[in-house]
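Letters are used for the chains, namely A, B, C and D, taken in the order the chains are written, and counting of residues starts over at 1 for each.
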Amino acid sequence: MRSACALLLIVGSTLLAPFGAAHGRQDPPVRPARKPLAIKGAKVYPVSAPPIEGAVILLDGTRIKAIGKDVQIPGDATVIDATGRVIIPGLVDAGSSVLVPRGDSGTSGSAEHDVADGVDTFSEEDKEVLQSGVTTALVRPLARGQFNGLEAVLRLLPNRDPQRFYLRRAAALKMTLGFSGADTSTAQQRQQDLLAARQSFEGAKAYKETWDKYRKDLAEYEQKKKQWDEQQKKTPPKADPPKADPPKADPPKPDPSKPAAPEPLKEEPKKPAKPRVDPRSEVLVRALDGQLTVHIEAHAADSIEHALALAAEFKLKIVLEGATEAHLVAEAIAKAKVAVILGPVFRYGIPKVDYVNHAMDCAAVLAQANVEFAIGSFPNPAAGHSGSGASRFLLEAAACAVAHGVAPERALRAVTLDAAKLAGVDRAVGSLEPNKAADLVILTAEPFDSAARVDRVILAGEVVYERKSD
Amino acid sequence: MRALALLAGVLALHSSVDGQASEGGPRGDVIAVKAGRVITVSGEEIKDGVILIEDGKITKVGAGLEIPAGAQIIDASAQVVMPGIVDGSTDLGVEGSSNEETDEIVPHVRILDSLNLRQPALQRALQGGVTTAYVGPGNRSVIGGLGSVVKTSGRSLQEAVVREDVALKAAMGSGPSWGNFPPRGMPPTSFYARRPTTRMGVVWEFRKAFFEARAYKEEAPARKDPAREVLVKALERKVPVRVAASRAGDIETAVRLADEFGLAISIEEAQEAYRHAELLAKKRVAVFLRPTYQTSTLYGAEGSEVRFTTFTALLAAGVPTALLAQTGVEGEGALAMAAFAVKYGATRAQALRAITLTPAELLGVAERVGSLEAGKDADLLFLSGDPLDVTSRIERVMVGGKVAAGRKIVEH
Amino acid sequence: MRIVIGAALSVILAQAGWTRDDVVVVKAGRIVTVSGPDIEGGAILIKGGKIEAVGKEKEIEIPWDAKVLDASKMVVMPGWIEAHTSRGVDRPNEQVQSVPFVSTFDSINPVDPYFEDALRQGVTSLFVLPGHQTMIGGQGCVLRPHGLTTEQMTVVKNHALKLSLQPRGGMSRMAHLAAIRREFDEMLQYLQDLEEKKREVPTAAGGQKQPPPEMDIKKETMARFLGGKLTGYVYCPEPADVLKAIELSKKYKFRMKLVVGRECWKAADAIAKEKLEVVLPAEMVYWETDEEKHQEILRVLPAIFHKAGVKFAMQTDSSSLGTSYQWYQAATAVKHGVPRDVAIKSGTLHAAEVLDLADRFGSIEKGKLANLVVLTGDPLDAQTWVDRVILEGAVVYEREKDEKLERVMELKAGK
Amino acid sequence: MRTLLGVITLLLIPAPGFPVPAAPGSVQDAAKDGVIALKGARIVTVSKGDIEDGTILIADGRIKAIGRGLEIPAGAETIELPKGSVAVPGFIDAHSHLASVFEIDESTESLTPQVRAVEGFSSTHADVRRATASGVTLVALAPGNGNLVAGRVGLVRINGRRLDRMIVSDSAALKLSLGDEALRRDREPTSRTGALRMLRDALRDPRGEISKSLIDRREPAIIHARLAADITRAVELKETFNLKAALVHADEATQVLERIRNGDVSVIFGPLTVSDKRAKLETPAKLAAAGVRLAFCTDAPASAEDQLRVTAAIAVKYGLDPKAALRALTLDAAALLGVGDRFGSLEEGREADVVVYGGDPLSLASPVELVVVEGRIVHRKPKR
């Protein structure tokens, strides 16, 4: 297995290595050591802990240094007085497709496709998204088919600083069951999807076995080759072997201190044929090994059930995406201990097949069933969306959950820490804690108040948006 | 409030002269343009000329004019100033289709009803020096409706329209018949089967329309038919007919039909007009020429045979000829066309006139635009060099004494 | 091979008046050398199709047997160079997506009017490449627009490799990049395996003698490309593709030139940083609408790239407008603020440099091929005519004898 | 077959007087013909300011009294509303194709003033049931944008009853369309030039139904016009023929703001979706700031009825004054549709269409606690 990993590194290193592809419109400004930044006076929702009135948040460089009521503000710190304001962590949209070209949705996907290859760093469509407080986005490949490709976590840095723009590449493998993005999804579609998915995973298993066998054979071959070479040295080819009985050499004396010498080889060992490296199977093998979470987009209740079954069959670590009818099968999801990235909350147009049972209280049902969930924007054309603008209304989406019975704290977590967790980046972002990223949003009112406006967005320790006072 | 501020910003841009907002609006203000060279088109070129502008109109043009006290001065001493370009045939600003296709004969539809003055194309044309444009219906109907002359800078119809319903559009050739065929299973008179499928059919539709209009006129029924009313105007030569025709045969046909019904016509496109220069001169038919300059194939629009010398040939025969820019070229296409016309045999004066004063005359708007003369609209182009030098740039466009919003060239 | 072509060439050129073996002197009112300052009242001495000397007329000693071309009322400049075109070939886009082994050499149509017209406009070198629709599209061919057969026209057969980052219909950019990487990786794997096999051959002592493994002929082009021995012409329709091209070139260590789409000005700084050379699209100047501000913005590519410090060549298109002429493209660049010398260079010397052939042509300098255009006036003036074109020392075009031109310039309708 | 279905449908509809369940378990049979008292909410009357901790007395489908500390008559059903809740007039969707999908464009001709949108409406559609919980109590049903003159706009109330009891008016306005949608290649007109000529001819014809409706009877014209040029033309028509007019889908309204204001034309805007561009999201604020009368619409099925409040909330987020937003949702919409004397405000004698929110009605986190239409409770927040 190790050498397969090595191969993967050679072959697919661009898939995984955070190459400086995030080169943007301009180079990140080279900055001298920054003065620390302190924000004081606000009500702070750290999300990971209860809210703190009149807290001080001390930022040092790109990280949070300290947070609390009695944090000392260093003398050289720049201070933002946010008295009367409310601070929440930078929002995490776990259902985003910001900067992913819309045109990709008609293309056919494959497991090894890396969404980062499609991300258009020159687009500015994330500008308004950032201004609405979303600082981190889990983006997925838009493509047809059962395997859509690898997801990635972006931090929406306006300067596209290549060091920080990709928070995580190959964050998850995106799959789709019974949903084609158009209005054609049917049981038949799902049947095809399942069949193809099973075949692919079985194929990946076989691929892994082939490589395991090859590596085993290779090791064996190398050992034998060594032996053969030594054997050849001992009996130089020059000396024509007599046709008659070769002179019997004395049988080697058994040496008890050494293991028994191997039997002499009759012919030169054959090098095993090397199997082909297949980037697609490499990715699937990682999913089968549990190294890569699989995000399965499934909307209809029965599609969700099949997704759970597939996960059980191949022992996949999965997260459900979309999950429009999750409220109908909440118990099953809870039982399988599978998390959900729910969305979209806002749906338009004549409902397509998958959205007929779209319900505003889905989150509330999941909360009641103790299912772990995040809320994502999922700007899906089948739900009447165009572009990635839905991401600007992530807080509003969470507010709708509150109106249908989700506790406000839980709803806020669904667009911050829980979303970060399901994107696999909760060590870095999603809550306001020392040593975490200095990504935060200053609001003019409580997050779900109709008067709440984003006053400032701080990303990686820098004010990247400031509201013009009107 | 924000919206108002935005609007104010736009207005300020429109009226700013040399960066200063003209407080209290332009009315009553006198502007003096000091130009390195003035190309008046109507008269001699003036070195170090001055153009005085009041209320958006030119009051005086000449060398060494006295500049009235308090006048705003625009220093263009390093620039060449010429009249705004008049494009004799465009579909600028037409929203959606420029063809009303319900019938072959729709003389009473008006292109003004389709105009969207906020279309980018108008702004682009303006920045490219086209300050006045004839906007007309397309070539899909045999008789396609009424075209009008507008200023490209206008924000409202009242402001934009220079003269409405200046010409009735007709088309010869394959434009109205191309792609027509009676679909299987449908009666040939069905709506889906547009009737003319050949050049003969096109001419027949045209003839029938005017034939019926003539009868209608004699009959003079109490209930007016708006379509025929327009045709009657054309019969009475109150509205000229603009005929799109590329090939020599189509041009001949147009002239013959004009004779038959006593119409006043002009020819548009006219790539093969060189074959009938004498005929057109004799019949006093003006031409809006859209030349084809390519040698890779020798055939242009509708299979017409390319000649680079059509313009010169028409002028030599005494046919009033305006030059049109290539379709789809935004901005400075007309100046390039003039430059090529000179290369292929015309004089400077002929070429520059053909994109300004000549089309203005042919469109009946020469009392307002087309040259730099006292009493005309102050529609000025400020160029970095000679207009026929393709490396010269239009640096400023003025319409009615107001500097049009400066274009933004982003060079990173 | 080269001798054979040379011989064939001398035959064709002979038809035009003299052979390339003749000694020729061109006297010019003004020589636009491009590489150096203009020379008023200059002369160019040509031997064997190459420029032997260039300077003031009095400085050049005219051999007694020289043929003298008197252009002392004219302007002489190096021929224009089209650094990227897919015209003049039959269907330039192969449907199979990875065909490094094909070459446009095999589909050039010598009698395509495009070549004739190019000559008429003073173009003396053309680089004909596969189109933008094939992922790994094959090799190009550098031509002179004169000759009866492809062989006669060819300057360099199989020059550079065309790649395109434009995904085919139904494919996303990620899929396209994954496919390119797969091709490259498989090639590298193939080369590695081949090396291994080669190493193993001599050790196979006991068995029967095997010939050393040879490279599959179809893989040779690609091997040369990934080995850095063959330059890639990479088409980047969008600015993000430019970054991807840079990423690929670093990872797979190949050399490249970029053929950019119009939006790629956004990546001009990144291109400058990597010191890459580009070929601009024929539509070098375009309008776009700022929908928020309701403002029209003119984007001028040559100006942006010049300012960013990027060396560029310009393409022309097949419209009947100015954009089909190299001189007009250069004039457009000047109009929008590019210095005159840079604009002319981008159609001549810089284009030659983009082709990596600046040692052969692109300017009027000693040792370069005598590809000259004799003009009636300034190169960027619309009133100027191409009077004569000299290709490798031989006059191959004369305006006076241009029948097609004569026909379109007839004043009276003939027949 | 269809008639049979119709009969079955009719049979399934309970006899008048009995409320039809809107959503399972959500409807309370209010004291029939009795008096209901809503107590404890902040009342936003829209027309006459707010009343803190007020009471609304409802009888015979109308508001009998409204104010602070009203005496509640004996026998009245008193509903104590949760603390912090806010009572507002039922919201009005000023342009919708609710439950009439595919039945909105009679495309045989381009002038069809005779058709009525209520006749393409299906009162038992699931969307109508869902709408009872949306806070929208009155819907203007409009024909589509596919005809120059598309037909009659009707008013229905979302009261969970059968069609004849839902209809307030079957002809409250006439719908016109100046957009591309009305131009078809297979029918006159195919271009805007042709369209304007036909409309002018129709309005000039004194015997025609169109001029009778719009000029003689002064019924409001609801004009679909997306582009600035179309809006200008609509205002021109309004002025030339002195019509009562409102624009709908006026996407480019901000570009010709003054023209709209000076022309005294109202605007029905919506839906605002989460994908819309900023310029569109800011349009309601700009219209209101310029003094243009504004109403919101869902344009269902473009968005569901519960998105009407979301549209208003988004407009507020993008600069619209919250008070103006509430007015647009209620009284201004009613006035524009010619029923401002009956709907859109909480006053004595007005129709008892009341919606109670758990908090600020424009905060999306506030649940719909209670919906009263025609004096009857049609929805209550489900217990979770």
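The rule we apply is simple: contacts are C-beta pairs under 8 Å (C-beta built on N, C-alpha and C of every residue); 3 or more make two chains touch, one makes a residue touch a chain.
Please read all numbers here as calculations on a predicted model, not as lab measurements.
Separation of subunit A from subunit C in touch steps, taking the shortest path, is 1.
By C-beta pair count, the most extensively touching chains are B-C. Centre-to-centre separation between subunit B and subunit D, using Cα means, comes to 47 Å. With centres taken as mean Cα positions, subunit D sits 65 Å from subunit C. Each chain gets one centre point, the mean of its Cα atoms, and the points for subunit A and subunit B are 59 Å apart.
The distance from the centre of subunit B to the centre of subunit C, each centre being the mean of the chain's C-alpha atoms, comes to 40 Å.
Among all residues of subunit D, those that touch two or more other chains are 255, 277-278, 319.
Shared interface positions of subunit C, defined as residues touching 2 or more other chains, are 269, 294.
Under the contact definition stated at the top, the residues of subunit B that touch 2 or more other chains are 2, 118. Under the touch rule stated earlier, the contacting chain pairs are A-C, A-D, B-C, B-D, C-D. Residues 10-14, 19-21, 23, 25-27, 101, 103-104, 106-110, 112-122, 141-143, 149, 232, 237, 268, 271, 274, 277, 279 of subunit A are the ones touching subunit C in the complex.
Against subunit C, in their complex, subunit B makes its touches with residues 118, 120, 123-124, 127, 274-275, 292-298, 300, 306-309, 312-313, 316, 326, 329-331, 333, 336, 339-340, 342-345, 388-393, 405, 407-412.
By the touch criterion stated above, subunit C contacts subunit D in their complex at residues 291-292, 294. Only residues 255, 277-279 of subunit D touch subunit C when the two sit together in their complex.
Listed in rising order, the residues of subunit B touching subunit D in the complex are 1-4, 7, 95-103, 106, 108-118, 137, 145, 156-157, 191-192, 226.
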